[in-house]
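Take a look at the structures listed below.
What follows is subunit A paired twice: with subunit B in the first complex and subunit C in the second.
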Partner chain A sequence: MNLRILASTMLVQMKHSFARPVFKLCMLIAPVADTILLYYMFRHSGRADFGMYVVLGAGLTSLWETILFSSMGDINRERYNGTLSLLFGMPTRFPLILLGKIIGNTILSFATLIISYITAYVLFGITLTVNSAGLLAAALLLAGVSFVVVSQFTAYALTLSRKTVVYMNCLNFPIFLLCGFAFPIEILPAWALPISYALPPTWAVRMLRMCFAATIEPALFGQYALILIGELVLFALLARLLFIVIDRQVRIHATLEVF
Partner chain B sequence: MANVIEVKDLHRNYVTHKGWVRRKKHIVTAVDGITFDVREGEIFGLLGQNGAGKTTTIKMLITLLAPTGGTCRVLGHDTMSESKEIRSRINFIFGGELGVYRRLSARDNLKYFANLYRVEPKTAKKQINEILQLVDLSDKADLRVETYSKGMIQRLQIGRGLVNDPEIILMDEPTVGLDPLGARMLRDVIRKLKERGKTVLLTTHYMYEADELCDRIAIIHRGKIVALNTPKGLKQSVKGNEAIEVSVDRAEPAALDRIKALSGVKALTVKECETGEIIHVSYSADTDISGPLLDILADSRIVSWSRKELTLEDAFIILTGEDE
Partner chain C sequence: MIEIRRFFQQAFLYYKEQYIHFSFAEILSFKMALPVFILLYYCMAARYGFNSPPLTRWVVGNSFLLCTYQCLFALGHTFSSERFNGRLRTLIVAPHHKLAVSLEKSFFYIFEGLVTSAFGLLCGSLIFGISFAGVDMLLFVTVLVSGMIAAMGFGLFLSAFGLVSDSMHLILNVVYSAMLILCGANFPIADLPAPAQVLSYMLPLTRSIEGANMLFGTVDGARLLSLLAQELGVGAIYAILGYITLKICEKVAIRRATFEMF
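Entry: the complex of A and B
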């Protein structure tokens, strides 16, 4: 039953999101623009692998933007549409509904990586070599799950406030910087590194980069995967606890609707 | 008949903060110690003006809002701590055009909500076709909701409220903005639901709607219940009062103020009509206001003058003391 609800929510969300012009803009135009901009930023970097940074950087940045402005923006849209309170009042638990929505958006958002690659290839002749298709599939899956878990965690918190749009905008750039979507996080100041390491997408990005590097170290890849899975479990547990608090707080503070 | 809703000394405050540096707490009391029961199979009305506390009460009953004080039980369960046990057995309809997915079709909306209510797909399919027929949307069921008129969206809302075949349906001003035909259709649906043994709790500020549909009505005013009775009982509770209706070409505000100030006048309402305005005055039966009333309206052209039965609106105005 839960799987059916999850699947139907994903499907409804995908239909609904794709019907929105802003979503299409984020999903189809943003990766093209990001790829072009990153190409001109990186072309004189002197790195042989700068093409990978352009494609992954643009693809992941657009992917995060699309998820952020769709999944988390959805909290606000649902609130103004009067459906947030409906979803909250269902016998189906709200986290399951929210999970279906986020997975639906994340699946659609993965198109940004493909669009980014096509843009880089067509405009600048950039090609990427995958050193292990299996590990790439695993890295993509874990990247998807890490984005879903972070989004779920953040979306819960956003149900507590009606100022969702403000917080949503505040989240865009820090995640891009802290998770190192377009550059290695080692160039960040030392005090920022613990925050980066605590975010699951950081490890997913590292794993994805390894798949396009000249050589791959399976042991290191496995180590990153373990850290990532550990963090995902921790985030999922924290999200569960957070929801217990939120379930009470939204009903006490009446933040499910606008008046 | 057993009580399916039990509300005791229910309170709800909203807290807001003003200012940037020295934030001042501002508390608004929306519901102020109300007590009532709803019996199984009855249509119960919460009647009150905008801001009286009707919607807040409904939101507490449907488990979406925490009471600040008092208890609120639906089907024997506490709405705050046992919401899980309640949610699958009730449904709710909010008036207006919100609460549906506009980029999906009516059928997709109903299918999705049936799914969230954990209705088996086979049952849901059959039920959705019946609901679409009931709310007269069968021929437009596969069009996107964003192409619908306001009335159609509200009918879809009603349909959504029936997808889980609930034992209790809570409706918050369901006919707001509906055209007369749509409103009549909804009233028919509510009657059919009662015939099928469903309990309906309805909030409205339309007196005739409450009078026509409800078995019992609670009049809620500024967060408090000021009267609870059958429509007939409410009208009888203001016995000792009478009403006069005067149709005039134009009612001057100063004249209306003078009528209100007459000794024995309990309530006054003015409604526009084709020939001008209709002044409805309810007053204490032991006073005779005909003479003074004629004097005040001397400058207006009186089209008609009649003594009226007291309506629920008269009772409402007298009981709440509001005639604005």
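Entry: the complex of A and C
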């Protein structure tokens, strides 16, 4: 039953999201623009693997942007349309509906990586070699799960707020920067590194990069995967706790329709 | 006299309306912390991509681009926000000139844009150790203001499309992405293909960024003056185009009568 609700929410969400011009912008136009920008910024680096940084950097920034502006924005849209309170009062639990929405958006958002690669290949002749298709599939799956879990956590945190637009705008660039989407986090100041390490997408990005690197170290890949899974469990637990608090606050304040 | 007072009153009300439901901490994080993160992101990308160069040109260029949040997005959404709130129909039949509405809505954002860019520049300079010693600050402020004026003209031009389009968010974001690539803030314009370079010089901020960067090195007085004049010219052209487009879009909007559709 739950799976059917999850699947149907995902499907409806994907259709709704793709109908929105801003979603199309984030998914179709942003990866093209970001690829062009990063190519011109990285082409002088002299690194043999700069193409990978261009493709993954542009793809991942657009991916996060798409998930963020759709999943967080959905809370705002439901509030504006007066349906957020209905979602909360339905027999189906709110976290399940939200999860369906976020998974739907995340699946669609992965197109940004493909668009970024096509742009880099067509415009600049960049090609990427995959070391291991199996490990890449694992890295993509874990990256997807990490984005879903972080989005779910953030969406809960923003459920009570009437200023979702402001907060989701504020979450965009710090994540680009701290998770090292476009460049290795090692160039960040030392004090910022613990924050980077605490964010699950950081490890997902490292695993993805490893799949396109000249050589792959399966042991290191496994180590990153374990850290990532550990952090995901922690984030999921925190999200669960956060929802209990938010759920209680929602019922006390009863302001879900206040815009 | 009454009209002038009303202009300022209306401008203040529009501006206050945008922030009234935010706390001071929220305003601070959105208007100050976010621009700093944007600046940091592009500067760090440049550090990686250009192998740790002195980051002066990226700090300057991206600080200038920070004003686009006010000049482009705030001004560009003049009419689309009215559409969203269902007030566009009332606004279109009001005797008030639509250009005045745009100017009223954007007036305080000019100052906010200046403050944001200056703050970005200050933070970028402190973080990346950029020295302003030897930079003529009066000239620098002149270049910054000329860039803002040109960007405001451009924003005014784009805002007119909000009367006929329900996709201003899409339009403004595409324009912003184009400016990131074409304005010379993140890599030299000379790297771009020739047709893209032509586009670069059709956009605001390209010349002011070049001028501001020149102030950190050898200043060619004639070239700087020419850049400033051209930048103001670009702003004036966009402002005139904005006026014409506003008139055309107003007529199209009345003919279509789709003010409440989005």
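Heads up, the rule we're going with is that the second predicted complex is superposed on the first by the 257 of 259 C-alpha atoms of A that agree within 3 Å, B and C clash if a C-alpha of one lies under 4 Å from a C-alpha of the other, contacts with A are read in each partner's own complex, and residues count from 1 in each chain.
Here is the rule we use: contacts are C-beta pairs under 8 Å (C-beta built on N, C-alpha and C of every residue); 3 or more make two chains touch, one makes a residue touch a chain.
In this text, all values refer to a predicted model and were calculated from it rather than measured experimentally.
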Touching partner for A:42 - first (subunit B), second (subunit C), both, neither: second
Which of subunit B and subunit C A:28 touches, first, second, both or neither: neither
Broader residue contact with subunit A after superposition on the shared chain, subunit B or subunit C: C
First (subunit B), second (subunit C), both or neither touched by A:170: second
First (subunit B), second (subunit C), both or neither touched by A:216: neither
Which superposed partner A:227 touches (first subunit B, second subunit C, both, neither): neither
Which superposed partner A:193 touches (first subunit B, second subunit C, both, neither): neither
Subunit A - residues contacting subunit B, complex: 1, 4-5, 8-9, 12, 15-16, 19-20, 81-83, 85-92, 97, 248, 251-254, 256
Subunit B residues touching subunit A - in the complex, by the definition given at the top: 14-15, 59, 62-66, 80, 84, 87-88, 92, 94, 96, 98-104, 108, 111-113, 115-118, 121, 164
Of all residues in subunit C, those that touch subunit A in their complex: 21-22, 26, 29-30, 33-34, 37-38, 40-41, 44-51, 167, 169-170, 173-174, 177-178, 180-181, 186-187, 191-192
Of subunit A, residues touching subunit C in the complex: 21-22, 24-25, 29-30, 33-34, 36-38, 40-46, 50, 53, 57, 162-163, 166, 169-170, 173-174, 176-177, 182-184, 187-188
